[in-house]
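Naming follows writing order (A, B, C and D), and every chain is counted from residue 1.
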């Protein structure tokens, strides 16, 4: 049976709408959810801008990115990003790929992207940058080897930049994913501004660990999710 | 009797809505009012994003941050900020804690945040920065000692930055608080831009004192409040 | 007879709304029109944020800033700016005073504000900066001597900055005023960005003269006014 | 017969609305389409801000910029831009002229505007800058010689900057034009930000060629167009 579990579908549609509303995704970019009914599959919209996604647009793909069920129209060109992360990271249940403007400068220069505020601690320490140069001269991630290389750069982290392209963000659930994706962009913007003023004090490793746990606790995560839902529904 | 005075409740809800609308608060941050009926208590929403706050969400807390009345759901994790300021500063009747992006660079570098325009004079002179490093590795203000340390850094001023976190703004009433919180953010943004152009001329101490008095006079304060109310209600 | 001519009232209300909508004015700032029925008087709203101004809020002031007719509530604190310009500049029939953020950096540093695009040529050459320091430690323009000093700095130009405060913009009619006020802000923002990239080529004096004439010609001025009206009415 | 083909008219109106909605065009700027029924003519709105254009405002011009049919009101002052490009570039079927703020810094400094992301590859390599200085001291393009000079600078490319003025963008169809015009602006903004952080890695020539082909393929182009249409219609 290939029907998509309604709660998962609803959450995924909301994540699409929220990430578009909060300027993480625009015409491009996508977000997926590991199928709660089968960890060997994931849910993602057909090739469609996130702001326009409805439950009827969702597809079920296997971990090689092949469509098993759902909308029969074309998939995104880069489902290999999601498939590779789900293969390599059993702890990950939600993935976002974005091109948000504030992260691009960190993907094309040697300036590291690191958290400077407690709410951005959720992105982890230094965010690594993956360079597709040897694998894909169109910079897209279309194949399993490309996806695997990106997933290796991601390692055990929450986010990786993609040189001249964007980033991938991962999390244990869709609410955490939404928070991390939004905070990665905000931190990039604030760090860029801070670097213009002088030497920057980053969070320490301990501050990252403790603040991240506090921000991802239900009290703050539920508050943020409720806020973002109110903005797409309001 | 624990009922909240309706005018105070209405003002506090408006301040929440205004500060969200004007991009001072987002998913996080909070604003409170000393209870006009009892200076040993203050009013603040339950843990909820400011844009969503209604009168039904308000709580009455004592100056140790314990809930005395109102909505029974969880309080914000950082009510200790408000409680400590109300304990230490009898002149303060309204407090805001925010994470607004333009102030962050001044909290993670050594560049001082000082007013450069007459409308920003209300933030006072150099805005001090408090560093939670020794007291709270998650950077949150959860305890009375943390709150007291922050309140000591605030001193007799209108605002203090919190390293890698945000700021606290205080005032004698909710309208002045709203103005100061909005102008602190605007001044941070304008000062960052000015510093890119060359040596900056700041307001003198006398200009700060005189401009601040002029901006906080009823003619301008009422005009600004009326404008902001029209934007949340319009 | 002190009734305000309806077309003038309508234009002035629109200019208030447009300049608020286009982020030139916010809670503060004001715009006025010389009375078409009597060059010794001018029309301006009572102390009210420009976004909220209606025809019922207008006042008629003489060139000393005294109220002759119209709404009886308090006038803006700085009507002396308008009065002084109308006294000194018979060619001027519309005046705007704003605090728009992008112009502030040019008012607190020594970097000159000069036009870099043909649509900004309307602001003229170097925009002078007036410093109130010796005349008003609250930085406001409340008296005739303060207004006269500002008007002398303005000279025969279209705009002058006010140190740590904002600017004054003047024009021969309300449509040109609106265009110049909007373009001054846009040019400040674009020039700030350009200065980060390297040495900037400014418009030549001849380019300023010719482009300004082209942009203020009816074909472009009517198009721009129609566009801005559609945005406040849409 | 001078009736405008309805699909072309509809597409052109949408392109006007989209480019206004996405902040490429404001009060000024214009977009045109080569007439699908006659390559010796092009369709463009009468002098009107793009956000306000409807099918009834369209005109049919010949390749000298003379009106052959459609709305009888004044044409834009700079139809010579479009005419010259259509004369010189038979491959071009859509042209946009804009003044978008983020591109201006690259037009008044020596910093080259080159793509740094795969979605911006569609602008091609270095975007040349045309300087009208010897031909038009009002910086406008009003004559055939001015238009020809600009078209020569454009060469076989997709975009050229105009010093102190704006840019011209061209494409083989209206959807590609819309995408390129939007991405040119986004790339300018992201490149400006990147240059503040350090040495920038640009796309290689091969990456530009391959990424451009991928982004202009129907899967991504249709998705982007559908998204932008939903934003002007939503």
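Keep in mind that, in the parts below, a contact is a pair of C-beta atoms (placed from the backbone, for glycine too) under 8 Å apart; a residue touches a chain by one contact, two chains touch by 3 or more.
Since we're looking at a predicted model, the values are computed, not measured.
> Could you classify the subunit A-subunit B contact as same or different, where same means more than half of all interface residue numbers appear on both copies?
Subunit A and subunit B contact each other through largely non-matching residue numbers.
> Which one of the chains is farthest from subunit B, going by Cα centres?
D
> What is the Cα-based rotation angle between copies subunit B and subunit C, on a 0 to 180° scale and rounded to a multiple of 5?
The rotation relating subunit B to subunit C comes to 90 degrees.
> At what distance in angstrom does the C-alpha mean of subunit D lie from that of subunit A?
32
> Provide the list of subunit D residues touching at least two other chains, using ranges where the numbers run on.
196 - these are the residues of subunit D that touch more than one other chain.
> Hey, which chains are touching each other here?
A-B, A-D, B-C, C-D
> Please name which positions on subunit B make contact with subunit A in the complex.
So the residues of subunit B in touch with subunit A come to 26-28, 47-49, 51-52, 74, 77, 99, 101-102, 104-106, 108-111, 137-140, 163-166, 192, 195-196.
> Touching residues of subunit D toward subunit A in the complex: what are they?
Touching subunit A from subunit D are residues 116-119, 186, 189-190, 193-194, 196-204, 206-207, 210-211, 213-214, 219-220, 223-224, 226-228, 230-231.
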